[in-house]
Amino acid sequence: MEATPLASSGRSIVGRPLLARLPDRILKYGLSALSALILVLIVYFFFRLIGQARPAFEKEGVLGFVFGNNWDVGAEHFGALPLLVGTLITSGVALLIGVPVAVAAAVYVTELCPLRLRGGLTVLIELLAAVPSVVYGLWGIFFLAPKLQPAEQWLADRLSFIPFVGGGLVTIPNYFVAGLVLATMILPIVSAISREVMATVPPDHKEAALALGATRWEMIRMAVLPYCRSGIVGGAMLGLGRAIGEAIAVAIVIGDAPKLGHQLFAQGYSLAAAIVNEFGEAQGVHRSALFAAGLVLFVLTLIVNAIARLLVARAARTGGGRGGVENAAAGGQVIGGAAAGA
Amino acid sequence: MIKNKMGALAAASALALGLAACGSSSSSGSSSSTAAKTTSATISGAGSTFAAPVYEQWGSELSSSGLTVNYQPVGSGAGITSLEAKTVDFGASDPPLKAADEAAIGKNGSPAVQVPMFLGAITVSYNVPGLKAGLKLDGTTIADIFLGTIKTWNDAAIKALNPGVNLPSTPITVIHRSDSSGTTAGFTGFLSSVDPEWKSKVGEGKTVAWPTGTGEKGNAGVAGGVQQTTGAVGYVEQAYALEHHFTYASVKNASGKFVEPTLESTSAAAEGITVPANLGIKIKNPSAPSAYPITSQTFVVVNKDLCKAGIPGGEGAAKGVVRFLDYGLGEGQAILSKADYAALPSAILTKSKEAVAGLQCNGASLGGV
Amino acid sequence: MSPSSASNERLARFAVSPARKRRDLLARGGVIVGTALAVMPLLLIVYYLLRKGLGVWSVSFFTTDPTGNTFFGASSIGGIKSAILGTIEIVALASAISIPVGIGVAVWLVEYGRGSVFASAVRFFVDVLTGVPSILFGLFVYIVLIVGTGSTYAGWKGAVALSLLMLPIVIRSAEVILLLVPGALRESALALGAPRWRVIFSIVLPTALPGLVTGVLLAIARAAGETAPLLFTAAATLHTSFNLSGFMNSLPVQIYKDVTSPTTAVVNRAWGAALTLVVMILLLNLIARLIARRSRLA
């Protein structure tokens, strides 16, 4: 041990005795071991599920299973493309509707809301997470879907020139209702995380923008949202995970039509819904096909997450992300210039 | 402020403790009994969702004599798999065992025994304003409706079967099951046996590729769908239809008679059918004159020698399973009518009882009925 | 010109233009509409639940076990006591497993492992896990712990399936929150000579506590409402049990069984149970937030 002026007090990091370094070592290696254990567990999970799914892949071939356009249980022919497309459609609708609404609610609660309402509103939105998926499904099919059907039929008739949306018969259970129910289910997650993230924006960033003359909305746009971008995306990814993997609620409101989804207001199917609908009675190859559908879901989540991370990383590199101060400064110049010119 | 928070915490803990206290007092109560058979045992089963309410009812009747029945409604397929894996003491299946499953269960050290327990019918329920119950339909017409070839309620084929009935021109909305189920298997099995076009185009099974119609999940879903949509028709389990007073059709049976799905006509459907050696009966378009043609059965499946097969509950559970089956085939059959399920006809009931009498534990007979 | 009007003129140059004001109002309006849209489904669902479930609530509803006796009238079907207690037991065990592990992994990812390939691998696999349908967790536990070991259903196995479900949520949300703790806080503590572990436990975690509590509550709420993982692992029983290595009832499974019953009284029980579950989570939410607020630094 080198003798430094602070060594005797034991405070110097460099000269600290071994015993004092021990807790740090324990924590570091303990947590590393824990993370390694989790990694091993997850890999083992996939390994076992791949084992269960193998018979289906052997029968159809991996590409044949994923991109085959024919899910026929009776004929024991399993091509999961209609299911995959159905999952994409419903999750897409869920994200398109759910994320903006959730972020708007988070913005309101953190920035615009009167202080007294803040706690109550927060709890109210997060309470949505407490509702069991079965209840979402039943509420969807017995309350929401019938009420929406006339409006959907009207939309389909008026917008019949738009290929995916318009034209055709509107059934009560359909992709759109499923997407809407999913949007409601992911609201609490996305909103809660966005809210937490927005609450940590340093006040100086916000005050700097305001001091430069920004309106409330401009301040939010320049100082809050860019700072929170990666956090919001993280929350959205968790929400997307929920949307992709949600089984029971979707199974109840989507009808069962394993045909390629060509219309928003028609009934359809999704990967997770197929698993929950068919597993109880499935045997043999059918069963392993359902496990294989589960694997397709993992890969899908993987791809979407990877794309999201890329987008966030790129935004951070080009000066977005947490560079709120720079943005505020740049915005201030614009405002000053506009004011000067007015 | 602090007092409020502590108060909230204290209240919550008190609530939890209170519930727990109630819990411990009642769980000790369940082992006391007043009936003759006081051996307490716990048995576990899994399988058919159709049979679940009945098995739970029987379990509740038996709990006063010390037998606890834990039943998982995971579906017939998963139930058989559970029995193969020895995670439950008995399995429950609506369709009779396939050869592969029989062999797999037998691998546990003792052959499989399937015991028919009771029957249920599948009604064709509809929601057409002005149309009362008892609309006469035959297999071909029903098949054409579900194929989508008959599109309105005043179609010529329906008119021909119902002279004198005022049929509206409302379009027909078909509602079918979206999840795999024995009810679908029973319904499509009937259609396949009476309509060659259905058999070749769609076939039968727990899940089929429906040519037309909206899919809803579960009996509740189909029932709800039918009630929500004017002009809708769907196939709904008898217990459901009777309990909720649905409007259902009278279906033509093989003898040419139009029969309503009553409990008597359901039981009659199993009269005179051929019973295979392994009791794997399958009711397909029965010929008895008073039979309701869309009827299906449900089984309890066990190993012949339960202890040798290594069921999780051991010897105590083996005895318990026999007690359960004895009850179900005895007093239990009388309760069925209260629940809107149909009892077995006496010929098959006798065979079931014989099968239960043959159950053993490590070679020693468990002395059934 | 008087001094005040001269400065007024100068200030007028920085006034908000009508266009910007309009955009501001529009955006505010949009945000309020969004918030209303977010709150509306909850109010609709709660109203629906209250309408269908409140009528079933009574003291005996909470203090009697469900009976299988469903065919002889509403008074004999019992309540949901075993389901409530079972859910509490199973979810408590699942939380006890997944919360420390999840936060531990998140701490490691943020504090120690940042940038390493190993950390990227962990994060990658955790991300994938978020998209797994809950039924597959139940099936995995079924295959490994039940069929694989030849043993039977148990409440703790259901808890394991639920903790697998909760783990990615806890890890991911904790990671997001921990990343937002300002580096300056950590650095100043380190500069004062505090060891790493001290910084984590005394500075980082307390600062992040409200956010961590939020993430944990979301995970618990999710787990408490899941049916599929428990259906194949914990097995249903009607009786109250404190034995986690035996069969155990739970609210979602009871709801799932009841909602498909032909008997109306049993279906009503399902709605009463669903309302109970939501209220339980609400209470948990309130209690946890109260505790978190009390133990927050400063």
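The chains carry the letters A, B and C, assigned in the order they are written, with residues numbered from 1 in each.
Here, a residue touches a chain if its C-beta (ideal position, glycine included) is under 8 Å from a C-beta of that chain, and two chains touch if they have at least 3 such contacts.
Predicted model, so just to flag it, every value in this text is computed and none were measured.
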item: Most heavily contacting chain pair (counted by C-beta pairs in contact); value: A-C
item: Maximum centroid distance from chain B, chain identifier (CA atoms); value: A
item: Inter-chain centre distance, chain A versus chain C - centres from mean C-alpha coordinates, in Å; value: 15
item: Distance between the centres, which are taken as Cα means, of chain C and chain B, whole angstrom; value: 36
item: Chain A-chain B separation of Cα centroids, rounded to whole Å; value: 39
item: Touching two or more other chains - residues of chain A; value: 276, 279
item: Residue numbers of chain C (touch at least two other chains); value: 259, 286
item: Per-residue multi-chain contacts in chain B, two or more chains; value: 49, 74, 78
item: Chain B contact footprint on chain C (complex, rising order); value: 62-65, 67-72, 81-82, 84-85, 88, 146-147, 150-153, 231-232, 235-242, 247, 257, 259-264, 266-267, 283, 286-287, 290-291, 294
item: Chain B residues within the chain C interface of the complex; value: 2, 5, 8-9, 12, 16, 19-20, 22-24, 26-27, 30, 44, 46, 49, 52-53, 55-61, 63, 68-74, 78, 85-88, 218-220, 237, 239-240, 243-244, 312, 335, 338-340
item: In the complex with chain A, residue positions of chain B that touch it; value: 49, 74-78, 80-81, 98, 100-101, 176-182, 202-210, 214-217, 221, 224-225, 228-229
item: Of chain A, residues touching chain B in the complex; value: 72-74, 137, 141-142, 146, 171-173, 251-252, 254-258, 267, 276-284, 287
item: Parts of chain C lying in touch with chain A, wherever the complex brings them together; value: 13-17, 20-21, 23-24, 27-28, 30-35, 37-39, 41-42, 44-46, 48-49, 101, 104-105, 107-109, 112-113, 118-119, 121-122, 124-136, 139-140, 143-144, 164, 167-169, 171-173, 175-177, 179-182, 190, 193, 195-197, 200, 210-211, 214-215, 217-218, 221-222, 224-228, 251-252, 255-256, 259, 274, 277-278, 280-282, 285-286, 289
